[in-house]
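To keep things simple, chains are lettered A, B, C, D and E as they appear, and every chain counts its residues starting from 1.
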Amino acid sequence: MLDVRNVDLFYGASQVLRSVSLKAQPGKVTAVMGRNGVGKTSLIRAICGRLPVASGQILWNGTDVARWPAYRRARNGFATVPQGREIFPQLTVRENLQTGLACLPRSERRIPESVLDLFPVLREMMDRRGGDLSGGQQQQLAIARALVTRPRLLVLDEPTEGIQPSIIKDIGSAIAWLRDRGDMAIILVEQYFDFARDLADSFVVMDRGEVIQAGLREEMVESDVRELLAV
Amino acid sequence: MARLIDRRMGVFLAGLFILTVALPMASSAAAGQLVPAYLVSLVGKYLCYALLAVALDLVWGFCGILSLGHGAFFALGGYAMGMYLMRQIGPRGVYGDPVLPDFMVFLNWQELPWFWLGFDRFWFAALMVMAAPGLLAFVFGWFAFRSRVSGVYLSIITQAMTYALMLAFFRNEMGFGGNNGLTDFKDILGLDLTAASTRTGLFVASAVALAGGLMIARWITASRLGRVLVAIRDAEERTRFLGYRVEHYKLFVFTVSAAMAGVAGALYVPQVGIINPGEFSPANSIEIVIWVALGGRGTLIGAALGAFLVTLAKTVLTGWLPELWLFALGGLFIMVTLWLPGGVLGAIETGLTRLRAFASMRTKEIET
Amino acid sequence: MKIVLCLPFRPYLAALLMALLVVLPAAGRTAGFEELVERLPHGSYADRAKVIDAISRTGDPRAAEVLNALLEGRLHARKDDGRIVILVDSAGGATAIDALSGENLGGVLAGSTEKIKTNNRLRGMLRTAIGALSLMSPDRETRLMAAQSVFASGDPANIEALDAALAAESDRQVATALAEARAVAILDTDAPVEEKRAAVAILRARGDAAAQAALAPHASDPAIGNEVREALSRIEQAQRVWAIAQNVWYGLSLGSVLMLAAIGLAITFGVMGVINMAHGELVMLGAYTTFAVQEAIRGAAPWLFDWSLLIAAPLAVLVAGSVGIAIERGIVRHLYGRPLETLLATWGVSLILQQAVRTIFGPNNREVGNPSWMSGAFEIGQMTVTWSRLWILIFALAVFFALLLVLRRSFFGLQMRAVTQNRPMAAEMGIDTGRIDALTFGLGAGIAGLAGVALSQIDNVSPNLGQSYIVDSFMVVVFGGAGNLWGAFAGAFGLGITNKLLEPWTGAVLGKILMLVFIILFIQKRPRGLFALRGRAAEA
Amino acid sequence: QTAPIKVGILHSLSGTMAISETTLKDVMLMLIEQQNRAGGLLGRPLEAVVVDPASDWPLFAEKARELIEKDQVAAVFGCWTSVSRKSVLPVFKELNNLLFYPVQYEGEESERNVFYTGAAPNQQAIPAVDYLMSEDGGGVERWVLAGTDYVYPRTTNKILEAYLKSRGVAPEDIMINYTPFGHSDWQTIVSDIKAFGSAGKKTAVVSTINGDANVPFYKELANQGISAEDIPVVAFSVGEEELAGLDTAPLVGHLAAWNYFMSVDTPENADFIAKWHAFIGDESRVTNDPMEAHYIGFNMWVKAVEKAGTTDPDAVIDAIVGVSVPNLTGGFSTMMPNRHITKPVLVGEIQENGQFSVVWETPGLVVGDAWSDYLPDSAKLISDWRAPMSCGNFNVELGRCGGA
Amino acid sequence: MSGSLLYLSGVTKSFDGFAAINGLSLVIMPGELRAVIGPNGAGKTTMMDIITGKTHPDRGQVFWKEKVDLSRIDEVAAARLGIGRKFQKPTVIDSLTVAENLELALKGQRGLTARLFGRSSRTMHADIMQIADRIGLAASRNDLAGTLSHGQKQWLEIGMLLAQDPDLMLVDEPAAGMTDEETMRTAELLRSIAGHRAVIVVEHDMDFVRALGCKVTVLHQGRVLAEGPLDFVSANPEVIEVYLGR
């Protein structure tokens, strides 16, 4: 399980995360919510190892990984679907998926069919360059790519952004399915409230780099949270 | 005007002014030659390089056009001036031909090629100093920018341009003296080039040109047009969708910058006494980029400082460590990139800020 | 304005004059083989020419060997007794054989004998003379060479010998060569018209520049002029076609050199986006590695010389590759995302590497020899193909396709492309970006080193080697379209062939200028190179 | 007074010309060291001031000025390329100092402050062509003039073309070809030469190809199998140093014309080579013609200073004309009033060991001619810096000195 | 079409044989607000590329105000005609401040000399302030755009579009990355803008589309699948099948 404790993060001189804490457990979805620019993405990046934290701990099954390089975290089960998708534009869809194989032992380097079953459109586009796909197609590819690494912690930064309704539903059920498998901790950053509410087991609401409310789904009152998200 | 001269620029111009006044005085006989006289021309040369660096920074730092061929514009300006100086020699050449320069005489040229006409007049030469490089930049840029050549592709074709010009000017048939170039100048505007007063005049002219170049560059970049340039540098596509004719803007700064480089070349030639196709060499143009990068790209003053520092280092080191200086210079380049990400100017400014912060802390401590 | 000062006290001039006075009268009368050989060391080159001529006419069976030794610079005169000896290499120095008696005189000390000097004219004469004398040699190669040198002399005096040789010849190729040599000779005699016509036909069939030169003087011969002119125009036509083929070959070969020089850059610059100004110096390191290997071999194991390049190649990859990795780990690594600053830093590296090589190996050219399989040339029709160029072409293609395979088919290649397209994302996919970056840069550098091994065979090995290729390399990569290996391929061969087709028209200087102008214009048409990525992917 | 006399050494130690010039810096250091060991000059030690003009022509002028103004050197030994010499010329004139220039060059220059110890075209090119035309040289009738495209080859070839025509060579028997600096792909040109040479007449190549381009040129010659017996190449810029970078086995018989070869068998030369090897600490290092030129130039300067009793430039300039010092080929070279010196001209053949063997030499010494007799405008000029003429370009038609 | 602002007729565009737009026809009247929805990859962004001159169609015409053929001009000309665009992936000028980004977009002279010699006027300042306020970036107007968060960049880009004051606004997925409340605010904003100028909005958020309350065009495989009020099209079984899901 992931246990983020009192993380501080700076861009140059400006502090964007102030003592942020968060937990994520296998088989559970933790939703991170907050208005634009409150630091959600920054938090995600700190967890994945893209940004160095100034202080605080990121415990992964008891080990502090806060100083580990990103690839080492990935090889220990972290996978990310970043905001903005970050598809490798000049790799084909297949190659994009294959990049995730770096985490796996040589013998297991295969793209699992189950991933493609989740997003059938990718099957048709296997040999197209990732950068040529439409925005929504890229988003699906990004999720699929993360799943190829067989993660034990899946971090999704606004995965519904730009996705057509029917596929949002599919993604929702995919996340639910992954959650229900029970071996994966999921962190979901979402602005789309209904989507988050349906999936989340617990919530974290952020504002100006701080966690202003956190708790289990049952404890949360929708109108309160909506209030917090309003400007 | 106030907006044009910010603090940084003010300090720099003041420094330049002091240098311009003090150096000729210190080197004059009246002052007992506190410093050797040759420093006047030497520093004059640095000033020309600094102007050249400012010209490059204008296109590279503010519009993202990395020209690896700016040496060509410098050299063309230099050749235009060199041609004037050659014509000034008149019948004082070794063969005594009243019209033809010596290199044409012994290779049996019968008459002056058409493109040499007019260069016996200073005003014409002065015009060509800016017009020749400006025109080349305009034509080259017209095609390249219209075709949306950008990034490394543009850089490499500018390099191809200067390389092609170098090979062309090497050819004796071109009528520019081949590899030997143009040399053995005697006087400019009737003034003896070896006279200390002429040297001082050229030095001052270089300083004025540098100050002028800086002001023009500053004026362009601080204007509303400057913002478009930055937009083009950062997101060219986006700027187009806002309705800006990107190619016109690029063409404009590219041409202005080329003309500025031409002026630098023209002032450089009488001070060093030779112009030769080597000035077109791709390595020379890369060196200009190095100056700008070292001084701090996109700062104008940094570019000028970078040129000054690198060429000064070259002067000092080639005399002091003739067999090791490349190690020192190469090491300097590496260290600056690794440790001074903002270039020399950036480092100076952070240094000053820290110092100020430190000083104010101290004063506070004292106060409390 | 020329004043010639005569300074008669120059000692050896005087000695030469004395020798002339002694020898000259002797050359006049007919003399025996032995006497002629004894006379060889003395007199001027002109005298020696007469002596050689006389020796070749003696018909003495020893003549060919003596003349051959003279040609090869192995004929010496002993300083103490003036005896003429032939030096042969033997273990631990040279052994002297008496030129006349064939007696083995044992080892000789260096400096105890004096070489009998020849000049170009004498060597030409010697070759012809030896040719005429060895037309009947039992060795096929020797006979072939002999026939060729007799062809070159075109001397009618050899016709008899040629006839005899032809009658005895069983090898077809040698027989043709003999017939051709005879044909040239016949044209200069007053043989019957029919025979001359046959000779013209033989030369026409040969069809090369030498045949042309042999025929040309007879173009206005009243008897066979028509045939000769006809033959000449045929030969010319054929040669025009061959000339195009030849130029295309030159283009391919220039292209292979350009590609080798550029292909490492296609990785560091094209794929990784690092403006690596030190690329040329990495090529240079490869060349110096070759030099060092050859130097070691010369000193320790000369028999390995033919293998020197094969030994040097992996070492060059190692040397240049390690330096590349060091550059990446030490400098470039800190500059990803600041691509233009890599230009400044790698320029610094290139200055340092250049000066380091200058300090270690000296500023001069170093000698790198061609192994025997890289020397010389062979002919395809009227086209000359030099072995070194052919091997370099093969080598370049091999490197190219191997690299293509690595990039396209291997997992390393995939990771490498992922890392260069989006470094942080690649890391989040579990790719050790630091390692991949270092290896990629090392690969590019290692290939630059390989290029150096090849270039050492045809160019200077000097501290300036790198500088002379860097500009061309960037042109090639950009012309083809950065980021695409096929681009470098097409760029190199496209530019190579265009250049070589232009050169005969315009000359080398203008050709190169036109080439550059062509690149500039071409980029207007295709602003992202020949093999540009298209579509959204390119903009992303 | 024992303050050292400073001597400037202005040779490129980096950049493209370092390949040739570094050796000249070393030989100067050796000569100065020897002179000091022999007691210095005028009882004062000599001190070498080495700078690196870095193959950058304007930098040559800057460094020259620095040497003279800042370091106060008594004389400068330096430059290789003509353009570097042109670059520093005005500096030496203005500051009235001495430059000793050790490299063969195109002529067309005679300056009061410059002493040309390398060959003028009449001390190298013309005798070489004479040799090739002679019976011994093979009676060449057809000529390829191949050069790098810059002033020295252009001028030399202009002179040679005029000379060859004056000797009855038909224009179609002369092929002129220029290549860029550092040209490295010689396939086309070598095959053109081959074609030009297969026309039946004896053909030779006169090469004014510049330093760097020579190695690939000769490699291509060797690979395409052009032997010296078929088409000899006589070069004016290829010496022992250049051959050191080549496998000379396939090149045996090709020629070079110089005023000195390392292989020349004289006691002076043997001594010089021994000292050079000792100084440089490497038995495999070769000597070459420009090194000899510095040897001559330095000794002339030393002698002139001794004669004048001062290092004052004007005094030395006056004293040096007529000074005669031994050269390394067994004779004496004398400084002539036109600032050029007398030299023997030797033609050497390349040997397997990378040395040249002399196959021909001029019967006596040849005086360097500043102004070629084969260029129309230059033929009118003569140079004599002694009073009363006191100029480098006296026009015999007009009866006065030209220019300023 | 008479009186139309924009008229696409039979437009086709393929990439390497794949038809992204396939015989698309569409009419937009002046002042109209139009929502375009459709599956990922339906060709919505490509349609905008064609209207703005970024991509030239293989076949078909695109008429602007019945006169100008947009398929023949480039992006700059299209922008100058009065077509503004917000990209799917927000693109702003990173090293200019928010205010400068807006100033750059502000309607007015695009010419070289005008920008070189022109000075910013008081009204311009006021306009910029007003827009910054409207997009919630008034406080960060002097921050560099590069330091904004993803959603803030979205807003800035909308602000730039407002500043441009075009006759036709093409808005590609404005609500992506916004909170539900912001989404509604955006819808309101767009509704208020329409009327003065035409707006084409592409969005996948059905609540947002509903809030726009305008005619909806459904694109599928490069052509129009259905057109009409949201309730009408969302009842279309094909639309449900390919887009909305059950």
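The definition used in the following text is that contacts are C-beta pairs under 8 Å (C-beta built on N, C-alpha and C of every residue); 3 or more make two chains touch, one makes a residue touch a chain.
None of these values were measured; they are calculated from a predicted model.
Traced through touching neighbours, the fewest hops from subunit C to subunit E number 2. Under the contact definition, subunit A and subunit D share the contacting chains C. With every chain reduced to the mean of its CA atoms, the largest distance from subunit E is reached by D. Should one ask which of A-C and C-D has more C-beta pairs in contact, the pair is C-D.
A simple rule picks the central chain: find each chain's mean C-alpha point, then take the one closest to the mean of all protein C-alpha atoms, which gives B. Separating the CA-averaged centres of subunit D and subunit E is a span of 74 Å. Centroids built from CA atoms put subunit C at 44 Å from subunit B.
Here the CA centre of subunit A is 52 Å from the CA centre of subunit B. Work out the mean CA point of subunit B and of subunit D, and you get 36 Å between them. Subunit B has residues 167, 170-171, 237, 323, 326 in contact with two or more other chains.
Residues of subunit D in contact with two or more other chains: 13-14, 149, 178, 180. Annotation for subunit C: residues 354-355, 467, 509, 512, 535, 539 touch two or more other chains. Taken pair by pair, the chains that touch are A-C, A-E, B-C, B-D, B-E, C-D. Per the touch definition, subunit B reaches subunit E in the complex via residues 220, 223-225, 227-228, 230-231, 233-235, 237-246, 248-249, 252.
Those residues of subunit E that touch subunit A in the shared complex are 15, 37-42, 45, 88-89, 136, 147-152, 154-155, 173, 176-182, 185, 204-206, 242-246.
Listed in rising order, the residues of subunit E touching subunit B in the complex are 52, 54, 74-76, 79-80, 84-85, 87, 91-96, 100, 103-105, 110, 112, 115-120, 160, 164. Of all residues in subunit B, those touching subunit D in their complex are 36-38, 41-42, 45, 91-97, 102-103, 105-108, 167, 170-172, 177-181, 183-186, 194, 272-274, 276, 278, 314-315, 318-319, 322-323, 325-326. Those residues of subunit A that touch subunit E in the shared complex are 11, 14, 35-38, 41, 83-84, 121, 132-137, 139-140, 158, 161-170, 191-193, 226, 229-231.
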